[in-house]
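Next, two complexes with chain A in common: one pairs it with chain B, the other with chain C.
== the complex of A and B ==
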């Protein structure tokens, strides 16, 4: 019994495998810990491999099938792939919903975060707001889309889409952009809140202590300080928006071309009209979709992937820039 | 509660020898005649000699009158009364949690940011109860420097310019603000070091420079009282000395109140010292007297390092 309680001395490190410097070697760890570490390593490498495989495969497919003409010609009906045109409408549509969605989500997200972190009273309301945003983050976008059809088909919101003889169509760039902003909102709120929370309390107080109001402090100190997090949230939100399919399929009118509303002035006729995005095009052009032209699906998916990768690169650059300004010692 | 409106009580920049100012002539300091006090006898702990001569004149600017501050039910400061004078440095000392920082923060109503805090008694600035002064105005007259150097994440110039501008406005142009910014940096003894890099990010300065920038920021508002909450606790000895010299230089223009954990520091720079313990003001006296011949047993124990 007594022998069991006595701890065995750690095995002498094997020659040649001695840890150097501050790096802790795992040679002396317990077997289970070492297995755990190996699993972590393995999973990390596995996911790297999957990501690289997707990217490389899509790059090869994309470069093979993508023609510049696809970016400039809209989709059209035809029996041969050579007759069906490209996906310029989808590309522009993606940019439009991204712009509309972020136009709504960014100011709203910043405002909600500022209220939650800087004011947050009454506390009960703040808690409810928090859980509401978490709930929105968890709602599948197809459910949001269905909900959107109900809202935007109401007569009061007829000016946001096409209506014929009093029947509101309820599908438009406005409708899709508004619902897509809900998809981006939780990401923006999470990022901006994290930014605001990372600012030490005494920095706010330093601003109050020279006679600044809370509003002035927020505008001139707090928000500029979390510019990187605001940008990160916006870019992550953009990524979600351009990647979303369900809302587009349901709320943008299941078409492959712009369908502007006649009689409305220029930008409004397109925004109130229906259209498509790259995700919708990929979905329809894939073997299960109505168009079934996988080569063009690959080409469009490649364009989509490039957009997302550029957004990720932007996030990286923002963070690197932010580090240059320095931060407070804690 | 009604504010005094229209408030702008003009910032009274008093000259110490102004004939109108009710200056108080301090009793001569016991010492070797150079204004440097002798090391107090009977305290083995304090060995540093006073670095500065005692002030000749001082004017009462703030008056803490029977003040109690509570957070909810917990009383952090109990019935404290003491004067704050321009022309001298007042140091608040005491063990952690004795209420000295709370008292300091109440002087410019920063305690009110904590919703549970409540204050009884009265604090007066030039005979006006500070609760009648609109908080943002009060906080420009009574500014504060914090324990951690906390310049804003912008350039050195903008840090000061932010204070000079109206709330969130960007109206005043850089050119117009230049003299005021330079003057604030000069008063904080930082100008010579940063004059070529005013566009440099402030957070890239050294810790001591950052803290002096914070002092410059606090001075830019042209305050009458400067509050310092352990301003040197995050700094190395050299930067500490620079800031201590600066504080002593400032005392003629602003009333200085400094909270410190460092008894030597209090002894080096303070003219009056208030010792607080568990929310009570145990003893308020001149630095020489408080460290040399404390009246209270608890003070004697604290300054000789018996507790805290």
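== the complex of A and C ==
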């Protein structure tokens, strides 16, 4: 069966800033008002300056110290910065937690927003759910991390991490990924809900009228229509996941290398084992960390920043494309 | 009748079933949040019950108390729980309060600038800049703070006289309130800007036009009508940013200085150069001790305080927003 894609109405003519004749200049304002406008300009330029400074500084330091070999060699013990290898484990670890976190958060986020927008009964439960999502967004990630150590140390969940003689270690990629998915969840729910809410009522009614069930309508009509919002939520969530440090420090074990569990089949032994990510590596390699290798911290931070910039660019592209195609929300 | 539409969405995907499945997931997430609250407070209880309200007061050196707690596990005689957290609570209040105030001021001006006064090219530059600053991982801000801001403060802003005047108590190396507040402000202001500007954009144009038609200049109109109408968004953004600031652990662990010291504003301006350590970084710094039962209770008691204060801020924001909505504001 062909997926029934709904053509959204063509984008309305952008109102934008219309030439409104003579826009009132600030020349006639009182001095205090003009000082206020000057503060606006000053702070706006300051924001730009900070952003440029962060990018330029990290690019210069990153290009100076980043060597391709760092991306392919794992960290090792040594006395000199030249002996301690690179951060390939951290790079792969970042990709692993990002994958695991989004694998849990995206379906869960879509399901929760579908329930909230399309079903939402009983109303009390819907209100509680909304507050729950808001509350999860407000919980400090370090508290989530501590909570994670409790659940993943329980013997029922021993299969998700390393356990020796009945004592469950409770730190693994599974544990970190699961808790990080909670960090991404509110962003995904907010974005997908916005998308679903922006679809007008008559689209659903047209689908019901030809005999589609609510579930089929959601799957075939509504979710494909708000694909841009789903993608935006996923990318924003990814950005939050790869940038989080507290959960990684607590729940991924304080190591610089993979620590696969022996006796488990291939992907599981790594996922059940401990590891590290770029954020953790930067934290440990910074002058206040245990490794104190600032040059490698710069290099890793540079790689992390490039990832963040790429994710930002993806969000931009999604927005622009959605606007060109024309959806109800933009 | 049913059968002809049900090749894919038959009994297996009937509406009732889908609704129940989604509902179960929603209840699971709500239950997870409740479990988190319950677990954190149960784990924290031993520390609170041993200390009573003295937990929140000062007295003695926090480092000594933490050492005694850790040591009591090793000797195994009986667990020690004595813990007086005031220096860290005070540091949290100072750092969070300072950066939220500065961020609120600057974010308000920047949001007004983006929405109303910036020329189109400037607004088109500022929006991605704000989004970028909000998405930079906190550990990168921490790294830049450690290698740039902290040495600058330590070498150039703090004078030798000032260092000598407090030499017996604490050493001023640049890890300071000033560094922490500066970097935290850069982290949370973009969050506020994006929420504030959404609020300002949704102010009814008619209200602004009415004010302009009465001859009020644009600056006054925006502040008296626009910003006032957008107050719910301003409260929402401030609450979210405050929650983020309270929970920020890793960045502050890197640059606030690792001493549980309570800077005293009564000492004069020198207090902004003094190091301190808020609550959340204390958890990160002592995470190695998580396996010792009394230390575990102490760390969870800190987490409980963080959770409680984040929840109280959300509640206060909710109440404030509801009372403002009474007057039909967006």
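Criterion: the second predicted complex is superposed on the first by the 284 of 330 C-alpha atoms of A that agree within 3 Å, B and C clash if a C-alpha of one lies under 4 Å from a C-alpha of the other, contacts with A are read in each partner's own complex, and residues count from 1 in each chain.
Here is the rule we use: a residue touches a chain if its C-beta (ideal position, glycine included) is under 8 Å from a C-beta of that chain, and two chains touch if they have at least 3 such contacts.
Quick caveat, the model's predicted, so the values are computed rather than measured.
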| item | value |
| --- | --- |
| Touch count on chain A, higher of chain B and chain C | C |
| First, second, both or neither for A:213, with chain B first and chain C second | both |
| Touched partner set for A:205, first chain B, second chain C, both or neither | first |
| Touched partner set for A:101, first chain B, second chain C, both or neither | neither |
| First (chain B), second (chain C), both or neither touched by A:304 | second |
| Partner chain(s) touched by A:135 [first = chain B, second = chain C, both, neither] | second |
| Contacts of A:186 with chain B and chain C, given as first, second, both or neither | neither |
| First (chain B), second (chain C), both or neither touched by A:86 | neither |
| Chain B versus chain C as contact partner of A:242, first or second or both or neither | second |
| Residues of chain A contacting chain B in one complex and chain C in the other | 211-213, 215-216, 219 |
| Contact set on chain C toward chain A in their complex | 5, 7-9, 13-15, 18-19, 22-23, 25-27, 29-30, 32-33, 35-36, 39-40, 43, 106, 109-110, 112-114, 117-118, 120, 122, 125-126, 128-133, 135-140, 142-144, 146-148, 186, 189-190, 193, 217-220, 223, 239-240, 243, 246-250, 253-255, 258, 280, 283-284, 287-288, 290, 299-300, 303, 306-307, 310-311, 313-314 |
| Touching residues (chain side chain A, partner chain C) in the complex | 1, 17, 24, 26, 28-29, 33, 36-37, 39-41, 43-44, 46-48, 50-51, 54-55, 57-58, 108, 111-112, 114-116, 119, 121, 125, 128-129, 132-144, 146-147, 149-151, 182, 185, 211-216, 219, 239, 242-246, 249-250, 254, 279, 282-283, 286-289, 294, 297-298, 301, 304-305, 308-309, 311-312, 315-316 |
| Interfacial residue positions of chain A with respect to chain B in the complex | 200, 202-203, 205-213, 215-216, 219-221, 224-225, 324-330 |
| Parts of chain B lying in touch with chain A, wherever the complex brings them together | 108, 110, 113, 136-140, 143-144, 146-150, 152-154, 162-163, 167-168, 201, 203-204, 207, 214, 217-218, 220-221, 227, 234 |
